[in-house]
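Presented below are the structures under discussion, each in the form of structure tokens.
You will see subunit A twice below: alongside subunit B first, and alongside subunit C after that.
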Partner chain A sequence: MASTLPDTISSLFGLGGLVGDVVGSLVGAVLVGSLMLTMTALAGPWAKRKITAAFTDRIAVNRVGPFGLLIIVADAVRLLSKELIVPEDVDRPAWDLAPFVLASSALLGFAVIPMGNGIQLADPEVGLAYVFAVASIASVGLVMAGYASNNKFSLLGGLRAVAQNLAYEIPLVITAASVVIFAGTLQMSGIVEAQTAALGFGLKSWYAFVNPFAFLLFLVANLAEVGRNPFDTPEAPTEIVAGYQTEYSSVYFVLMYLGEFLHIFLGGAIIATVFLGGPTSPFVGVEILPGFLWFVVKIWAVFLFTQWMRSAIPRVRIDQLIEIGWKGMLVLSFANLVLTAVIVGVIA
Partner chain B sequence: MSLEDPSRPELDIGETAEGVDYDALEALLGDHVVGRERHRNAEAFVVRPDEVQDALFLLRDEAGFDHCSCVTAQEYEDRYESIYHLRKYDDPTQEVGVVVPTATDDPVSESAEPVYRTADWHEREAYDLVGVDYDDHPQMERILLPETWQGHPLSLDYDQEQPQVVTFSEHANPLNEDQRAEADSDTMFVNIGPHHPATHGVLHLKTTLDGEQVADVESDIGYLHRCEEQICQNGTYRHQIMPYPDRWDYISAGILNEWAYARAAEDMADIDVPEYAQVIRTMSAELCRIASHMLALGTFALDVYGDFTAIFMYATRDREVVQNILEDLTGQRLMFNYLRLGGVAWDLPEPREEFFESIHDFLEDLPEKLEEYHDLVTSNEIFQMRCVDTGVLEPEIAKSYGATGPVARGSGIDYDLRRDDPYGYYDELDWDVITEEGCDNYARVLVRLQEVEESAKIIEQCVDLLAEWPEEDRTIQSNVPRTLKPDPDTEIYRSVEGAKGELGIYMRSDGTEKPARFKIRSPCFSNLQTLPEMSQGEYIPDLIASLGSLDIVLGEVDR
Partner chain C sequence: MSNPWIAIGALTLVSIIIPVSMVVVSALLRPSVPEQGKTAVYESGEVPTGDTRIRFNIQYYMVALLFVVFDIETVLIFPWTVIYRDGVQQFGMAQTLVPMLVFIGVLVVGLAWAWRNGAVQWVKSTRARDTAGSTE
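And then the complex of A and B:
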């Protein structure tokens, strides 16, 4: 396996030792961070407009620049120049910190994702556990936002968000654990490596092909994790206004929004890595695109899926959501885990 | 034919094969009757203000008048008067009025709320606008105007010039006290609206939550009150009133609303409408109904699906076609102002073939589109999970609240004025009244979707009739005097089947060219009253869905 991005950078600069580690990590982090932010903050909102418009039979932005691309600039100016309204009696600094917690928790997750062409900041042996751990920090941000806003709709949204994350995080992790049984490692590069073997019909042994059931479970649990239909109850715009983000405006709102997008993309990155072979093509011996592009395509495919669900599927009620989580998903994911363990144990 | 009234085995007291036997009713009421009046639509009994409940109980339980359609209050020089317009859900042509006069210096009469729960809001409105006080009423407060309003705008001595001070301090947070009182309880008070994404306008729901469940909900209306009744009382019958009905239910149901006024005024002044114009009216009204139901479906999908649902845009897209047809016909997309007393404003647009073609195209595409809605919406399992058995409205409760339209028909009440109290050209055409037995949010959606199909049937038949209509026989308006002055003291209550239900109008003339009293019976107003019944004990999302399934338009609730 190729060395990680910080090593490559430090050797490029001819640095070694502690200085090399520090410089390499910083430069690498900036690179990866900018990359993800470009995708989520710049391309994301524009693409979301276009995708939703296509689903809902509209045209969306097409006047500002070619394909309406310059709307990104207009949006940025608009959002950043708005007044930051701080409601009375909000619980500061929790209220101010929440947007940062939300946005940064997702960014942290990208540190261990192998994006192809040697772009990976770190490759710890517990990579998968790390991703889930940092992604769940977002729950703390949601509670902070919901509680500190001093708004009843925010409070309801925050409570819903936590209830939902609890109910779906567990099936998510359990399902991922079934993959770990296959791969025999928590290391992200190891999981990708394990999926390069041939499965037959010219396909690689992606876990989405090997265990489609787990893939489906993960996809559904991920929808709940990122709060998109049918599981967008924490925001539920027609029920509780905007849930935990009701009282946020201007820059804070941008951060909230960015955090949400980053989480969708992180979810996409995890699915790409764990089930879709990471930065590789699905066919044995045929690498049409560079690894990094494969990776980006997969992330966007998951993004497209979330937007599709959002346009077409009704939202479930909060009690139904909890019921599906605890009584359905959890049981199914454990069944999947046990089954996988038995099969792997028998074959191996 | 499908329009036959389902036969009922036994007749109520006072019911004959020809209609209502008012003498028998008078005998039933006995000493309660102190006089009789003859309104254009029905006869009315004058009842003492302290015997209202007794009289109404008799009429409801013994004579079968189970539908309190409307309560009108008005002030004469020497007295106040409340009129209860009663009819039967089984046969709305059987009507009776109960007139309750009260003294000018002390206008107190007994409330009808214990008999008909719908009287709750109607009497509050009467108190608010006219100033009649009702005894034994659960909550005698203003309903449309702010609590601090001085005087009653429709009373005779009301001073229009009087400044009304609605101070900011008093309305900074009218619910402060409520919140403090509940500090030590487990429930949470939350204001849903007046600006909330799901209230479909400016409705304010004072909601008490127990966790996620609704412990209590109370609607606060009046934010969109535009004095429509008073505006109409200041307009002449002939031309100045007709533009306003478009603005009650402004969700493209304009022609249906105009018809309510047209029907009442025409019956009042004995104006005939040429058959050709009736067919055009029927066709355009049903187009409006389709447009209205499409929007109802789209916004209901917004409430259940979320902001970015495709269904809303699909419904808007399909409604757009109807709007274009109506624009060709009336020259307007929303405020049509197309009907005239005695007919319609002008004939179909030339070339007629092209116009018919556009309608045919629309009708041809419609089944496929409806199929798409059934695929996307009604057969979606999550949608069914959300809507089946939520927002349940039992038929008996619906009746006591005076619910009509798709809300009543979704609860299995077979009540449609187009069939039961025929007007226009409906009784000549072949179509069905849709009812669903589900009583829930899902049933109401199904009713609307199927009604679109029925409306399409009606339109198709109308178009065929119009295309064949002999050229020399195309009279669009009858001869109506330029100034219309109905006989003094003519009173009439007439209603039509609007998009949301029974849209009625009460008018009283005083011999001038303007009505002395113009009262609007809005279907949304009565339907909205059922919301607490539907949502108590359910979850917030169900409350929102129930509200969406009622399909209220605040312009019509507040008038």
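And then the complex of A and C:
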């Protein structure tokens, strides 16, 4: 079992025991937190605009700095220095807490993600269950934001967000469970380890190759989970303004936006770990890039995929969304689970 | 490391500190110009009518109940998936797979029943149903 990031740091400082654990954990957590913040900062104000522009044949940000990259700094200053407008009759503690819940819960999931080169904060035996548990806390934040805003659009958006998360949470988890049948463990490092075996044609046995059907199901359910097209009904700008985030301005808006992008990256990190072999190359014996770079490439690939869907796929209606989730995805995910169990049982 | 939850606790702390520090920085930077009308709830520029603390048909009540059932089911399925491979090797498929198939089967019957009774869909209001009927 490879040592985790806190171990490396505490031995670097020459500390041992509980003090070493705590110091190593804190420094490691700050590192992982800043890493994900950097990626979000790159993705939110800059990459998202560039990608959407490329899809719609436009140029997008190109004035501030090389490739318009300094727009990130400009946007950060602009958004943080906006006036915070608190609408009339909002439900105060809940309305203020919702952005925190969204941003914090998305960051929590990265604790158990193996990012390659020994960058993994913690490796509990229930890693996969933990990551799904914290990822779904965001739904609570959405309801808080939607209901506390005292705005009709927000209320509708919040309710839609719940309906969507209810419908797609179970296909997501059940599909992941079908992968656990192969791996036989919930530990993230164990799942990555199980995907290093050779499959044939010089490829590793990534679960995306072993069970492409489950991969596809998970990818679709993940789109719904992070609320991107075709499942962006909770925000639906052409129907309900901005859904649950209509009444948020200034730093609260930044936090909600941050939470949303962290969530996309968390979804990408789960997909990378569970289906794409974690921080490894797809070929047996050929690594090409360091593990960490493989991880970054994979989560950005998933990010690109969500942005591609956002530009290319029309939105489904809310009633269609419920029916696709409960009559389509749920049934398919259980079929996948049973089929996987039967096939693994026959082989084993 | 002996206890992985120390590191997870550390990240919890960091993930609270980051938003709080952003709010603090923003509080130092941003202006506050309270004006009449600024704090009105956004309703596309119209004067807001009433608030949202009303009785409201959420239209997926039955689906939410179903979710509770299936969510508990996923909790029960997870341990089974972890030991499944070893279980098959030790006790054979009849003893490891069949009980779970029965368990999932019971829930599938439940889903089929809910489906037939129209619980797994967006409930249309009587008004929407009437207008849909009149246009046909």
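Just so we're on the same page, the second predicted complex is superposed on the first by the 345 of 348 C-alpha atoms of A that agree within 3 Å, B and C clash if a C-alpha of one lies under 4 Å from a C-alpha of the other, contacts with A are read in each partner's own complex, and residues count from 1 in each chain.
Going forward, contacts are C-beta pairs under 8 Å (C-beta built on N, C-alpha and C of every residue); 3 or more make two chains touch, one makes a residue touch a chain.
For clarity, every value in this text was computed on a predicted model and none was experimentally measured.
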Message: Contacts for A:P237 in the overlay, against subunit B (first) and subunit C (second): which applies, first, second, both or neither?
response: first
Query: More subunit A residues touched by subunit B or by subunit C?
result: C
- prompt: Is A:L37 touching the first partner subunit B, the second partner subunit C, both, or neither of them?
  reply: second
Task: For A:F153, select first, second, both or neither according to whether it touches subunit B, subunit C, the two together, or no partner.
output: both
- request: Have a look at where A:R315 lands relative to subunit B and subunit C in the superposition and call it first, second, both or neither.
  value: first
Message: Looking at A:R58 after the superposition, I want to know if it touches subunit B, subunit C, both of them or none. Which is it: first, second, both, neither?
response: first
Message: On the A-aligned overlay, A:T185 touches which partner chain: subunit B = first, subunit C = second, or both, or neither?
response: second
- prompt: Can A:A341 be said to touch subunit B (first), subunit C (second), both, or neither?
  reply: second
Field: Residues of subunit A at both interfaces, subunit B in one complex, subunit C in the other
entry: 152-153, 241, 318-319
- line: So, in the complex, the side of subunit B touching subunit A is made of residues 188, 190, 196-198, 212, 301-310, 312-314, 317, 376, 380, 382-383, 385-386, 539-542, 544
Field: subunit A residues touching subunit C - in the complex, by the definition given at the top
entry: 3-7, 21-22, 24-26, 28-30, 32-33, 37, 77, 80-89, 99-100, 103-105, 107-108, 110-112, 121-124, 129-130, 147, 149-155, 159, 162-163, 166-167, 169-170, 173-174, 177-178, 180-181, 184-186, 241, 246-247, 250-251, 254-255, 258, 318-319, 322-323, 326-327, 330-331, 334, 337-338, 341-342, 344-346, 348
Field: Footprint of subunit B on subunit A - complex, ascending
entry: 52, 55-58, 152-153, 156, 229-230, 232-233, 236-241, 307, 310-320
Query: Inside the complex, what are the residues of subunit C that reach subunit A?
result: 1-16, 18-20, 22-23, 25-27, 29-33, 38-44, 51-53, 56, 58-60, 63-64, 66-67, 70-71, 74, 77-78, 81-86, 88-89, 93, 96-97, 100-101, 104, 108, 111, 115, 120-122, 124
